[in-house]
Structure formats: structure tokens, C-alpha cells
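Provided herewith is a single structure, encoded as C-alpha cells, for subsequent inquiry.
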């Protein structure tokens, strides 16, 4: 018994997932507090945080989908394309075909499901590399967006504009500005959808059978098979969920932006991957947490706000700081994992 | 099927391209019994287990359990449903999940994982089997031994009637082995039939009730522990009739060149991070010596330290009495040392490359990055050794992965012989190879020795060592326990040293 | 390197990275006075948030530079500048963060005309006046205090008048003109004005417009679009570009296709027309005659915007639409001046 | 060769690229018959603006525009073979290398009259910068053992911003007309210079593979890293070298891309070229999980992608709708080369054969 006790240092007690989650949350709060101290101005007001949520509701949903695929050992870089395709199709449906808001929601879900079924089948049952399948998915989605409608345009449909402008006011968090006017704090409906999905996915991953089988398949595909888990079905479902979430995220993005354009959600898939990694998901599979991914997205957008508020008018600072942060997290993860492995030897 | 029989296998046949792995094997297991399955490498032990667990499907024969005649097992799930559970040597659990999850996942108990109940059940089982792990602990943070016991706990919790342990103790230290035996005795008292596949003789005599011995795919016999003394078991495993094979050592005169006696390679206090204790070792020109001992006694780790395959952390190495620094395989190769690794699949062959590329690889690395062989030269090298070692291959272009085990081994051997090494290390060169190729390889080794090459030969088949080596270093539990030379190199002496007595050097 | 040493090395870089990152982000933050001391002496400095739509062309960079130079401390202002990178969503977030940062005035150069109602209402509720720069929005006029920019349609009508008088001087009938039309960002005020000017002129004067395609005011797209037109038609003699960068790209495509951009339209040359007149390369091409004529679009809005804000601070009423004065350049002597709606505009040569 | 037995040809790696070329040729021939004026295979001579006779026609455009992709395919094949992963930072590194080159050539002011340094110096700087980026990726992949796609995601995110930072977001234009020759025509020579550059790179690659063991070692490391280590190869070094070589290819591609416009646009230059480069390697029939590779198949794959793009342009397909068609082609090729489908097909054909034999 004694040898095992010696190895029970705090390091090995906490599971990989929780350890990386702790790192992410600590760094996020450090950054946010740092921003409040250094940048004063907007950050001290709660609405700034809500603005981050409003602007990134779609990214939160896609990143959760991406985390699920990464946890089960795959990858899906078509999510950005799907978001752009969904917003264009809904825009065209609403304005040119005079469709209803509910009809556009069905279209969004339909596109997500379609991509999920095709890509899931190719990856799980034909055993083709997820990278290539989703690369083709990205090409197809980006191409179709311009085929559906070449010119970007804003939606005029009244019912939709009403939905777009609905604000969910949060009592008591507003602030009165210099001119003595009370500016209420509000959140967009998309944010509510995103947070509900995060909670739902957390429950799925934590408690349901399929949720746990994502982790098992991601941890070791061979052992998962021997333990009696249907590996093919699990990988199929992971891709299905990821693309369906991309469909929903597409609608949330459409709600936020209110227009269809081929250049929408450019590079969103890379931001989703970056957020998942910052959130503690490992691409090698088996490790990851939805809450971590949520904080990953928040960290990413806080960095973007810090950089733009710092008056750095050149756009390049955001790219460099995000890359530096991603590099920092990757190196921390690889060192922590190596440390942990050595502690067990 | 008698009353207390839990498993009966009759006339099991299984063959692979070129090799008949199982020839009409019978096997029976009683309730509440620990039954050892013994046999040298390539005797068909693992094939029999894989047939029983559904990884392979049998060509002929019948498997029947209590109350179910001639059942068909095509997948691990089928075996699990019938009550046969297996714990493999490389543990098939998910390191990233918690102990409790590994015990209960994939067993279809409802849609929702009730964490609290699952952890309580897991803790109850772990405590009942006295396994030092907490249900909420991540599996990767437990030691290999604990992980194995968790796998056993999972099998037990699925109320399995037959529990197969495939070489569970190969990477455990004494305390952990003791804990495992206590667990096995508990299960035996609860009526579970346990098949214990192992190499370790003393472990068999300590815990098993009956032994089945296999050799070259045939059933040698089934004996109770009491009426099968240790030396007789070894004899049955190695097959008596192997002795009257001509003593090929005599055919080749020992190397008699004028520098016959001087030292080619010397190591003192050599130690690597692979967990072996510091050891001394030397080999003269034209001498064939060997490391012997049971599986897991540290034989491979010693030669990997010599070759620089593992990270050397201590000791000194001399070539022709001049100290040399060997920190990585390339240094050893430059000093004329060649190493045929133990595991062909992981360390030997480069699967998709052609036979020709596999043969010329080592010499190519030595010749240099900027001096690739011309196509013709490489083809000439390949054809020379394909003829010399009569490697059965369609052409020099076929990928090595599609060759049989024996031919793959010959290609790797050709790779190192092409380098014309001064000192050749062969680690289990004849494992899992048909008997014909085995004798070829043994003859070749002695022929090379007579031409002045010094060879270290490692094999778990002691008769092979006796027929080829003039000096044997005996290993047990990662330490050298003795050295035999001259006429000490015989069956009984080896068995004594391995079994435990200090051999006089 | 043994794993131990390598691991030490990684820990060192880890510590260095955030420190370096932190210092460079914070020191530049401290560098620009705009943010740090906005709390203490907020009283006398007027903070103004400027959301520029991007940095896609030289005209845009000149416009940004002029705004930055005219709202510095000596004039009693401090400006928070945000680059929208051609994305409406980024500009909307910028405006919302200005509202949070409690700025006194907001200047907005909108990337497209529509979709601004929501955020402009928020600014109105927060009592922050909004001044539109360069491009218009289709939202209700009450949502912004005023607009300043060029009269794009006037620029285009001046250029079309020049084309008409030049081709007549060269003895060409309107029907011999084959024009391809390289448009700017679809939906932007500049594009809408300059397209409407050409469309009306073509209808009145009977010109043929062979093809019309957007090149987003960038040189790369300008080159691609012109190249694809040249592959499809071989009788093109006029290329109407909606900014300098597109014109530079168009000329490169023309030369790459083995044709010649120049004044001699009668035997094979292609007349290239352009707007803005700020890109150095374009002025150079105009001097050589490769660009026949450029309608200036004056990017220096800074001083005029400051004047408007001074009037607003003094409480005076400000007219809704204000125009900057603009000229038209050409190095070809045939046409000396053009008259539009009775006002005559001299054709100035490039140097002054 | 005696009777070409179909089985060997069928399993040969060049099967996919060849079928793709044949299909595309047929499609173009049909297009030619439909509208008589367009002749796909004709190479006409035209005089360009500086009065020199130049070849032009669809075939020439394929060779001209496909050259960057072919050069990148060389580097990408080695990286995929050695590290078993993909480098998605290629587009961004082209932006960095191009920006550095322009910074050196234009000496910091956006509209220089004369070159601040000779073109060769600019190119050398681009090579160094390209190799530095390759080294950064190589370090993360080989030393820190981070998955290639994730390691290169860092440069993918930061690349275009670094490029913009080097030139302070200015768009400098190179004044010297000689610089533009690389991207277009050298006066007097009818064939576009990019074709020569691509040919030179392919020859260098051929020499590299013929006169060094790079090919053998890369494949050995890709297939079985631990066994190659035991044979004296240093896997970390081989992976690192493959990223450095890709860095060089990036520098050459940057030279061509920047000289086509003699200026640079950070967000648009070489957009999504990394996806095409990876596609080229896959079209060449090379496994994306590393190991055995055929360099010529990848280069062929690169030209096939350009062949497909040019064909689609001839069908008046809008450039931004093109990826959709490309996606369909990729899916078809990948499905037919996937092991599962191949087993199904071969078991199907065996059944047919058995049936025939049974019947006969």
C-alpha cells in the first residue's frame, strides 16, 4: 500500500480534465481583473461582460460542438462554413422567399443535421480521416454560400428584425453615464440559447451513457471496443452533435448580425479549436470539459477587447496576442502532462 | 460435462498462412480452480486464449460451458455475455476515465450514469477485493498492478464464471504479485474458474491447482501440480526429443584466429533508465554467449543498455579495451555493434517499406545521409542476402509487412549482417517462428561466430541457448544471478540457477 | 538535452512569455494617453470614439490619418480609434464599447448602409451624438446628428461629362464606347453614388456597358475582375473603376493580357477612369496618361468633423448633410473643364 | 514490362491522379465541341504590352497559376510523411515571408523610387524568414510532441498579423519592373517565368531525393518512429528538417505571389492555399497519416487542382463558388480511396469472379 500512497501527491489526485479546467479559469479571472485595473473605462461596467457574451454567443455554441468532437478523438473544421451557409440561407428564405422566422429556424437545424449525417457517416463508417472530410465540408459550405446568393445583404423582414432587436434586460446591472442617463444592461436571446446549450451539454457529457462513451473512445479507441462500447456509433453521434450545434450557432450568429454574407464567420473554426484548447480540451482525445471551453471563448474575446481598447489601432495585435496565448496554453499542457506522467513512473 | 466442470474445449484447430497454430487441442477447467496454461513462445498459448475470447474464430473443434453445448464466440462481447472475462497483458482500459467508470462503462446499465451509486458500488467491490484504489481516482494515476486489479474487479463484478489472466505478473514486483495471488485465491473460493497464462514457474507452483502444457500447437498433457515436479515440467515444455538434435555446436570449430582470445566488448557497472541494476558483461572475439532467464528478468533491458536503445545513466563501456561513449543506437552501430530487437512489429520492421529498403537501412545510415546507394547496388545487396538466408518473398519490392514472421526476422537479420558488425546481439530471434527457420538461424549464428564475429544470443528456450552458447549469463528479477560456462552449460544447471540456487560461476 | 534540462528551459520561456506579453500590451496601453488618464482629467479633454471601417485602400488610410491628426490633445480632444476590419459586427461591438466607455461624441464610417438602427438607438438613449463620416446609413435621420462626406454622385457625373467631351473631341460616336464597370464594396454609399452616376450617363448618352462586377475597392480583386472581363470581351475601350486601387489592378490586368491602357482610344488604347486620387501609384499612372482622368474624393475629413463638433458643443444647429469640396484631374489636354447642373469645374493637371 | 497486370496498376498510387486528369480532359473536350470558338489545347501566341510575343491559353494558365501550389506540395508531402500531420500555417507564412521581402526591398517607405536592396537579398531574407517559421513549427512538433495541426494553428492565427506588423500595415509597392518578371514574363521569353521556377524546384527536389537519403529516412520515421531510431536515424531531426524544407518552399511561393502584384495584401494573399496543398498531397494518393509517399503524385495533385479550377472558370463558375465543386471532387476521390470501400469493392469483384468461375 505504501508505494501507492507516496504517489498520491495533489498532482495525481486531480484528474487531467479538472486540472486543465482549473488552469483555464484562474488565467481568465487574472486577465479580466488585470483588464479592469489597467484599462479602467468600459471593463468595470457589467455590460462590457454582457457585450462579450452577445458578440460571442455563436462562437460559444460552435466551440462546445468542437470540444465534443475533439474529446472523442476527431476534428471538424467545417463549422465556420456551416455558420455562414446557415445565415445566408435564412436571409434568402426570409427576404426573397418571404418565409417565416420559424421556417428559417427549421432551415438552420436542417443544414446542421445534413452536414452532421454526411460527415459523421464518412468518418465513422467509412473510416476516412476527420480532417479531410471536414475540409471538404468547409469548401462545400463556403462555396454554397456564394451560390445561394452572390451579394451580401441585410435582412428587411419585419418579424425577424423584431426578434433581432429583442433585448433581455437584466435588472440592477445597468449604469448611469456622465450625462446622468441610466443605461440598462441587456443580453441578446442568442446568449440565453448558448448558455442553455452549455448546461445541457455539460449534463450530457457528465451523466449520460453516450456522453461518457465520448471520453472512452477518445481515451483509447481499442480498449473502448473491448469494454463493449459501440465505437462507430459514438464517433457518428459526436460529428452529428457538432454539426447540428453549428447549425444552431449559425442561426444565433444570424440573429446577432442580421445579414447574410460569404465572409461571415471567417476563421470561426480556428477560433473554436483555439477556445477548446485554451479550455483544456486535448486534441489527442479523452480530455476536455464544456465549462472549460466556455471560459476558453471568454478568455479569447477578453483578449480581443483588451487589445482593441488599448487603443492599438492596428488590427494585427489581436492575432498575435491570441496566438501567443494559444502557444502558452499548449506548452503548459504538454509540460503538465509530462510532469504528471513522470510522477507516476 | 462432469458436475464441477465449468469449461470444456475439445479438438480445437486454428491455422494462419504458413503456420498451424493449434492442432486438435483439448482443455478443461473446473469450478473454483486456478489452472495454469504453460508452453514456450509460439506453443499456441495466446492463440488458444484468443480463440476462447472471440478475438480469433476457431477453424474446428467445440467449446462448451456448463449448461450450454458447443457455443459460438465471435467477439469479445459474445465471450463477456457467456461469462468469460479476460485481463490482457496490455491493459484494455481507458486511462483517462476514473476507476469506477472503467469498471461500469459499456455494460448497458441504463441511460443515466448515477455517479454517487456507481462510486459507492465501485468502492464496495474495491474494498471487498482489497484493491488500494479510490473509485473517483483517475485510472492513469494508478500503478500498472492496481490497473490490472481494477480490470479483474470489473470481470468479477460481471459475475464471470471463467476469468482468463494473460501474463498478469510480467510487470509486477513481488508485493504486487502477492496481492494478485490473494485476490485469485478469494475468487477461487467463490467458485470462479481461473486460467493463469504465465512463464514464471515458481508462481505456477505457488498458486495453481492443475497445469496444461502446450508445445508447438499440440497438447502435451494435463497434470495436477502435485504429480509434476519442476524439472519434469520444464522438460515437457521444451520437449525431450529436442536433446538428440545433433549438437550443432560441434559442427563449427570454434574460431581459432590468432586474436581469438582478446576482448571485443566490455561493460562494467552499466545501467539504464529501464530499471535494471548495474551489471558487468564482456565478450571475446568469435565467442557466442547469451543472457538467459525467465521473461521479464531484464535480459532485453541489458542488451538495450549496451546498444544505447534505452537512456544509459551509469557505467562504462569499452571496445577493444578503449573506452567509447554509446548514448544512442547510432554510436553503437558506428562501433560495429548490431542489435536485432525483441519485438519485430514495434522495433524491427518498417512495415510499408520494401524488403530491399528494410535490408539496406542500417548500412545506408552508416554510409551517410548524402551517399544513397544506387538502385542497382541496393538490389544487389538485397538479392545477395535473400539467397543467403533463403528468404521466401515474391520480390525485393514487396512490402515487408506482407511477409510471414520467420521471413520478416530473416530480413531484419540480413539488415544487420549487411553491416558486417563486429558484435551482433540477437534478442529472441526465433520467437514465434516455425521450427525449420529456427534451426537455420541457429546454424547461421554459429557459422558467423566461426568467422570471428562475437554474438550474444537471447532466447527463453534454454535448449536453444545450450546448443549455441559457450557462456551463459543468468538473470532473475533484473539482476545477474550467475554465469555458466564450459560443461556447466546444461539443462539442469540452468534450471537450478533460474529456479533460485546461486550457481557457482 | 535530457528531459530534465529541456523541461527547465520550457518553464523559463513560460515565465518570460506572459511578462513580455503583459509588458508589451500594457506599455502600449500606457503609451497612448487616450485610455489611461481618461478617468482623472476627463473634465477638460473631450473623448471621441472613432470607428473606422477598415484599412483596405490608400484613401482609407489617408482618411484615418486625417481624423487621428485633427483630434489630438492640443485641440482638447482625445480619440479612441477602432479598426472595424471591413466587418459590420466588429464596428457594432466598437460602438457599444464606446457607449460603455462614456465617450462624448462618436464618429462612425459605416462599412455598409443598412443594419445600424439598433446600435444607433442605443447611442441615442445614452445621449451620445453620432457623426457619420464618408458613407451614409439607411436608418432614420433622427438617429444621427449629421453626415459629412463627398457627393459621390456629383463626382461620377463630373467624370462622365469628361468622358463624353473627351470622346467627342476624339470624334467617337457614343455607340462606339464599350465600357466595363468595376464596382466598389456592394452596398456602400460610394459604390451606390458612383454606379448611379455612370448608369444615368450611359442611359442619357447611349453608352454600352458590357459588364459590371464588384472588386471591393481592392487592387487584387480589381486585377482578377478586369482579367476575367478581358478574357470574355475583346472590344473593351473604357474601364470605369470606382477607386484608385481597383484602377491600378485593372491596368496590371490590361498589361498582363498584352493590351495597352492609354489616351489614344481611336487605335486600340483602353481609357481607364478612376476615383479618389490619393494612391501615389494612381497619380503616377495618371501623369503617364495610363489613367485618363481621376475624380478626386477628398479624404481629409478631420478638420471639417472637428468644426462640426465645435458647433454642436456650442449648441448650434448643424445641417444634416455636409459636403467636402472636390476637384477632377487629367493630364490629357483635350478637355479643359466640365459643367454639371450649371456649375463649371476646371480640369486641373496632376501636379498641384 | 510484360502484360500489364491490371491488379498492380489498380493498386498503384498514381491511379487517382491519372483518372482525375483523364476525366478533366474529357470534360474540356466536350466543352470545346459545344462552343467551337474555345479551344482548350490550343496555345496561341499574343503580344503583351511590352511588345513581346507570349504563349497564352488554358494549358499555360494551368502551368502558370499551379506553380505555387506544386512547390508547396513538395514541402507539404515531406511534412505529412515525416510527422503524420498537416501544416495549416502555410498561407500565413507566405504572407510573413512576402512582407519581410518587401520590407527589405522597399526599405521601409511604401513608395520607394529605387530598390533599397537587390532582389536576391530580398529573396534570401524571405528564405531565412520562411525557414524560421518552419523551425518554430518544427520545434513544437518534434521536441514538444504537439500535434502538427495544433502547433501550426498558432502561426495560422498570428501569421497575417505578423506580416502586417512587419510593414506597419502599409502596402509597399516594389518600383523595379525586373521584380515583376518572376510573377509574369521575362521579356523575350514566351513561357511564364513561374513555370521555370516550379520546374527548378521540382528538379532540386528530384536531386534531393536521388542523392540523399531524405526520402528513405522520412518514410522510415513516418511509418515506424521507434524502429527507425533503433536503426540510427534521428526522428526529431528528420521531422525538423521536413518543416525547414517546407519553410523554403514557402519562401519561393511568396516570391512568386508577391511579384505577381509587386505588392502585398495581408489578409488576402495565399488565402486557403494550405487547404489546397493538403488536398494536393491527398489527391496524390499519399496517406495523410504519414509514412510512404510519392512526391511526383503530390505535384501532379497540385496541377490537377489548378486544372479543375481553370476548367470551372471556363464554365463561368464564380471564383467564390468554386470551393463547392472542389469539395464534391474531394469527397468522391477520398471515398473511393478509403480502405473500407476498397475492401467492399474487392470482395464484390471476388464474388463476381467466384460466380463466373462457379458458373464456367
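Note that the chains take the letters A, B, C and D in the order they are written out, and that residue 1 is the start of every chain.
As a working rule, contacts are C-beta pairs under 8 Å (C-beta built on N, C-alpha and C of every residue); 3 or more make two chains touch, one makes a residue touch a chain.
Because the structure is a prediction, the values reported are computed rather than measured.
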B-D compared against A-B, more contacting pairs: A-B
Rounded Å distance, chain A centre to chain B centre (Cα mean): 47
Centre-to-centre distance between chain D and chain C (centres being mean Cα positions), rounded to whole Å: 36
Residues of chain A engaged with two or more neighbouring chains: 314-315, 317, 324, 327, 331, 334
Touching two or more other chains - residues of chain B: none
Junction residues of chain C - those touching two or more other chains: 10, 55, 85
Overall pattern in which the protein chains touch one another (line/ring/star/complete/other): other
Chain A partner contacts - residues on chain B that touch it in the complex: 76-77, 80, 91-98, 101-102, 105-108, 110-113, 115, 132-133, 137-138, 140-143, 146, 175
Chain D-touching residues of chain B, taken from the complex the two chains share: 307, 309, 328-330, 333, 339, 341, 346-353, 357, 361-362, 364-366, 369-370, 372, 415
Contacting residues of chain C [partner chain D, same complex]: 6, 10, 55, 58, 61, 85, 218-220, 223-224, 228, 249, 252, 254-260, 280-281
Contact footprint of chain B on chain D as seen in their complex: 210-214, 216-217, 219-220, 223-224, 226-234, 291-292
List of chain A residues in touch with chain C within their complex: 34, 38-42, 45, 47-48, 51, 55, 151-154, 156, 164-165, 177-179, 181, 183, 256-259, 263, 305-315, 317, 321, 324-325, 327-328, 331-332, 334-335, 338-339, 342
